[in-house]
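Each of the next two complexes has chain A plus one more chain, namely chain B in the first and chain C in the second.
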Partner chain A sequence: MAGVSSSAPTPLAKYKLVFLGDQSVGKTSIITRFMYDKFDNNYQATIGIDFLSKTMYLEDRTVRLQLWDTAGQERFRSLIPSYIRDSSVAVVVYDVVNRASFINTTKWIEEVRNERGNDVILVLVGNKTDQTEKRQVSVEEGDAKAKEHDIMFIETSAKAGFNVKALFRKIAAALPGMENSAMARDTDLIDVKLNASASTNPTASQESSCGC
Partner chain B sequence: MLWSCGVERTMETSDGAAHGGASGSNGGVVRAEGGGSGEEMSEQWCFDRMDSMERRDDVENFRSVLLQHVRPGRDTLLPRVRGLVWMKLMLGYNAEEWILEREPSAEHFQRKAVDAEIVCPDAEQILLDVVRTRSQDERFQTPAIRSAMKRMLALFCMKENVHYIQGMNEVLAPIMLLPEVQNRPRLIYYTLQGFMRRFMSYLLLPVGKDDDSLEGVKVCFRVLDLLLRYLDPELFHKLRSEGLTSGVFAPSWFVTSFAGWLELDLVYHLWDHLILENEPSALLFFGLSILLKRKGSIMQAPKHHLPELLMQMQPKDLAELDSLWSHTRWLRTSQVPRSVVEILSSALCAGYARERVSELWKDPIAQAVGCLVVKASDLAITESAAPLTISGSSSPPSARKETLPEGNAPAQVQLESADGTSALASSFFVLDCRTKAEFDCGHVARGALVDLRSIRNAAAERKLQTKVKEISARSSGLIPRTSRPEKESQNQDVRLLKENRSLSSPLSADNAAASAASESSIEQEFEKVLQLIAPLRGVSHLSLCGTGNPILDAVDLAQAANNLLKDEVPKLSIVAGGFPEILAYHRANAARLPVVDVNESLGRAMTNKRLVESGEQVPLSTRIGTRLEIFRAQAVKDLNGSGGSSGVPATGAGSSALVDQTPPIIIDKLRNAFMSLAGTRISPQDLSGDSTAAAPAGNVNGPTTRK
Partner chain C sequence: MRHAATFARWARGSGDWRAEARHWTPCALLRAAARLTDFSVRELARAAVRLGARADSRRRRARRASVFRRMEIEDELLQILLPADRVSGDLSDAQRDGNTPAEPFSLSPEERIDRLRKLVATHGLPHSANEMGTEKFGMCSLRGIVWKAFLGIGVIPVHNYMNLVAQGPSADAEKIGNDTIRTFIKNVDFTSRVSPDMLSRVLNAYCHARGNTKGTYVQSMSILCAPFLYLMPEPDAFESFSVFLECHVPEYVNNYRGVFSAFRLFEECLRVADRQLYDHFVGYQLKPELYAFSTISTLNACVPPMSDTVKLWDVQLAFGAYWGVIFTLARIVNSSALLLSSKEGPGAPLITRELEQGLGMNAEAVLKLSFELVQQFDAHLLQRLVKHAIQPPQPEDAGS
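On to the complex of A and B.
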């Protein structure tokens, strides 16, 4: 599938992205921000799984992302492996104000490796950066953990709309067959959120780059 | 004395204070039901009726009156009376007294709840979820209702000794706002408990060490997949090919009883139906109904859209929900075997019993091919074969009076349906997968023999090849003599099926031609089977009957089941225990399950003969008994000239010459002699080779039952 064919018109490529992480770290929020550019303080707890899909029009192709939003509660853990199956991308989310959720990312990463081996793009995401004063996990720690597992890393705030598009841009750029594509900079994926006008949280604008 | 009299309301005020004003906006709606019998169903009528309840029967009478008044597209229960009605229907005519007995003091109950919140290990998770319960509905946003819900869930988990599972908050939510119940923690608690115990026991697994608290929910997934495959293999395959099984799209259905999936007014409406009809497993069928009713859009949906589509299949309004519900009822009462519904109700939804539920798939062959198992009792003719009348487009397929094509059917079978379509739709037809010799020693009247000779031959051939290879390998010293390949081969057939390979494929290249030939004859054979069932396809339940011996059935029956499932034949099942079970049921209920041409001992001998021939380990006593039984039958047949319809195969020229001059009495003496020779004390059961059935010795003078 990861062909380097740049000449032939590629058919619509479909990628499955699965979002993992402890309860209430903001998996649903990140997805909703990406899909609808909105935020709500209280999304219904995801029971088992939820799906959304989005088509992205890139300069040389169109890709369809199928987003699998999973339940965070420990009790649902035994269902997760079947959700990870066939996924191209696994996004492991933690909450920067909740240290336990950060520690648990190790388990989630293992879960993905068990199911998909190295056949998957893994991204570690520290969410809720808007809550600066309560932060329990530093950027450096997150970055170190990502390096340790040899996976990508980014911090986001779904609430402030910070870096959410950057997250998906990183993912899109890493998708199989995307290596040579310059899509990331020039398409609708450009993070319009950089002007913090629409953002609800003023702290967001201060951290404007994704550190990648 | 009752809650609905103002006395109790005042009594509960101390509880109410803790809840604050969570009073629902749907309260106080006085509805005057228009038209016909609507009058008597006023709120006052309901309250009066409930106030005057004194016995268990009163509840059931009340229930049946309410059921008679259900009108499609309208509230099943008037919102104001809903809370009390639910309580009465679930907890009994004396629900209030019953609760008071358990929790006489509101203050004490309150204290327990506060304590539970402190000690509950899941308290943090509960808090997270309560805050985001129905966040679009402002009634759930007040601090009072949030703290009440939090306490209630903590208490529930502690008292019931269960883990909190995300989604329980959604189950509690509708109950929190029930008129007459809201603001009264004790009533809320026991309504929740009553509901969960009656309809969601699979969620209430006791806390243990390494337990999986979702085990019961996973059983629901398995059941849903199994039933979907049973009713609509095409739809099942479509979903599965996209990796979409129940575990993916149905968690919130079963974890929340659809509360997390529907708008609040629809949840109330659905649960009204559920509680009123009081069929614990009904929601499983509701899920099934949703899938089947949306088949059109599921089949047409582009791949990428399918997961989302499955998340958005909610009924739009009461009317649509009602039509789904009547379809649900139809599925439950006529489309799924009774024994299955019974197990689901009593061992999954209203009480959880792991062992009993697993009866649905513990049969090794059914498990291997992924097919439903039915009991002999399911095949019985029911007194009221006609299912409940249903509205909408969900009616069973149009009336058909079918005659099976001649082909292999020994006697032409006519499916007479007394009242036309309905009897036919809910009828079972048995496809007998045993040999003709076994079939001729007894079979279900409403059934036909399926000729599977080619499959059996191919399997025997394959076995021979493996043996030859083994022997040559052994002689060349490749395999040590001590190894036990025999045992291996027993499970081989089942394993091969699991891998979904054709049974004839492992033949070596030398035998390619022979293999191709046998494959084509298997194909022809299967073509005939399809022709045989064509008129019944999708109409009748088709149940495969084997010998009940998994070693033999793995060869022919399993392969037939596999082929039929691949051909997406709906409503296909396997009879648990095969023909012996059918016979046992027939002996107890002859009229309900007619069986003809019975010669049990000979039939068993025929099966044992096959077992011996297949090279299985069979006790000496059984082998002798088998030989004798066939020998004797042959003798009887010869003596009677043309008599006896049992198609006993010739046992060899020598023996029949001997039998010619041997009256049956001599045979019996001969048998005794053989027994003493064998040096064992053999009971008649041993002789007939089946230790499980202790039936009287079969009648040698031909059939006992004739239609």
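On to the complex of A and C.
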């Protein structure tokens, strides 16, 4: 994994993020919202793994994110460890409307710990918060579980676009070498700035562009 | 073996062709294919080069010649296929034609299959080949009939399918439902021909036919089933799908073992076909199990449109599922310059979604380049390609 020197400009640091979680919890939706700012009510199930990459322009440096969007399907599960093994960040997603998917996050977290021990950034994500009526898992429960496993936590709605950028800011801030950056200290502030800067100041924009 | 029983049903009928059909069992076909492979691949490649040279002028002449050509090819196909496949999966057709005595064929089954193969490789099927319910071919499309011939399927036991459907939802019905409502849902050409219910019936029937134990259905099977339903009535699609899974890609379905063999073979092929790109990918630790999982594991069925998929499957069914690996290779090699010039620094120059969109190549372009690429592979590599989808990896198969 690329360490980052303090002197800018540094070469592109590359990080691998693996997205895990049961089928249909919204992994692909979160990533698509982040990458293309789009949402679709009818995504096809991911087949095996979907590989994407994205350059994120942060305040003081640029990072390259490799996103590995895995399939929640059971059939793929035995292959997951090999993908976790190579990743520096694991994002475990559940659906706040589906309690079973929340319960299963324990298994996903354990799977990550088995492969990577503590040498990994783990984030628990409760998705689909827009479905307030049908909610089966409360914020408090999500938060408690994250604390129990000593990992980060956030709730999102890929559909509403809620907190999706914040999720990636949070991850970026936690990446190795980021401890001293402005990012890490002011995550919330930057998320606000992000919205303001998107249209007005393209160079400082937190919007990233994928050159693929 | 299970399919032995399935095909024993054929023997029940009388008449010349039914006896002959026993030689058409997929296993016999596969044996024949294994015997013929080296030869046919080389010959196929030669034919393809001729074809490629003609491709440009062909397009210009296409409009003028298309009516003629279509008639010519259809006539030849009819000669090869009928009367064996005269009886389609349609019940009324079956009843009407079931007792028609079969005319004796002048060609042996092997010769007929070979002619079909050549036809598919050198001419492709006519544009109208996807039409279902035509006067000439009946319920099943012409392409569907050709596929059934490659799969060694003659008369479809319609009642068998109907009985299976009558058993209702299988133990995997829920999993199937999750997949079928999400299968090619945005492809209008597909959804106008195939409904989630049709997919669901065929897949549940498949589970019942295999004893209805939970876990018979594995996710993404719906995608492999889709091309068959796109071209055939349900009973035919059911039979074809079953034979396809059991005889053509068992290693892709029971587990992903064959798919992982395919990734290693893919890398070997890439190394031969485009050393620079291969090195580039190695440098970025970019592996096919990252960017090409969906295209390779579905034999390109996940790359729209379905009308292109079926053209690629013509060749896969004629010569072997391994062509799926070569088709993916063709797409990537074709984009080589673009991928190499990516200015994105130490990152990924390729993402799955672009590959899933075909990287700007239609079926014709993919086929043309694939036929060229395959000529570069030596016999050992070809042999392992041929076997990887149907046999567990052998110790001697280890990379050269």
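Rule of thumb we're sticking to: the second predicted complex is superposed on the first by the 175 of 212 C-alpha atoms of A that agree within 3 Å, B and C clash if a C-alpha of one lies under 4 Å from a C-alpha of the other, contacts with A are read in each partner's own complex, and residues count from 1 in each chain.
Simple rule for what comes next: a residue touches a chain if its C-beta (ideal position, glycine included) is under 8 Å from a C-beta of that chain, and two chains touch if they have at least 3 such contacts.
As the structure is a computational prediction, the values presented were derived from the model and not from experiment.
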item: Joint occupancy of chain A by chain B and chain C, clash or fit; value: clash
item: Contacts of A:50 with chain B and chain C, given as first, second, both or neither; value: both
item: Which superposed partner A:85 touches (first chain B, second chain C, both, neither); value: first
item: Clash-bearing segment of chain B relative to chain C, given 182-190, 488-496 or 542-550; value: 182-190
item: Chain A positions touched by chain B in one structure and by chain C in the second; value: 12, 14, 23-24, 42-53, 64, 66, 68, 71, 73, 75-76, 79, 86
item: Residues of chain B touching chain A in the complex; value: 125, 128-129, 131-135, 163, 165-167, 169-170, 212-214, 218, 243, 245, 247-252, 255-256, 260, 303-305, 307-308, 310-311
item: Contacting residues of chain A [partner chain C, same complex]; value: 11-12, 14, 23-24, 42-53, 55, 64, 66, 68, 71, 73-76, 79, 86, 210-212
item: Chain A-facing residues of chain C, complex; value: 178-179, 182-186, 218-220, 223, 256, 259, 285, 289-291, 293-294, 297-298, 302, 342-354
item: Of chain A, residues touching chain B in the complex; value: 12, 14, 23-24, 40-53, 64, 66, 68, 71, 73, 75-76, 78-79, 82-83, 85-86
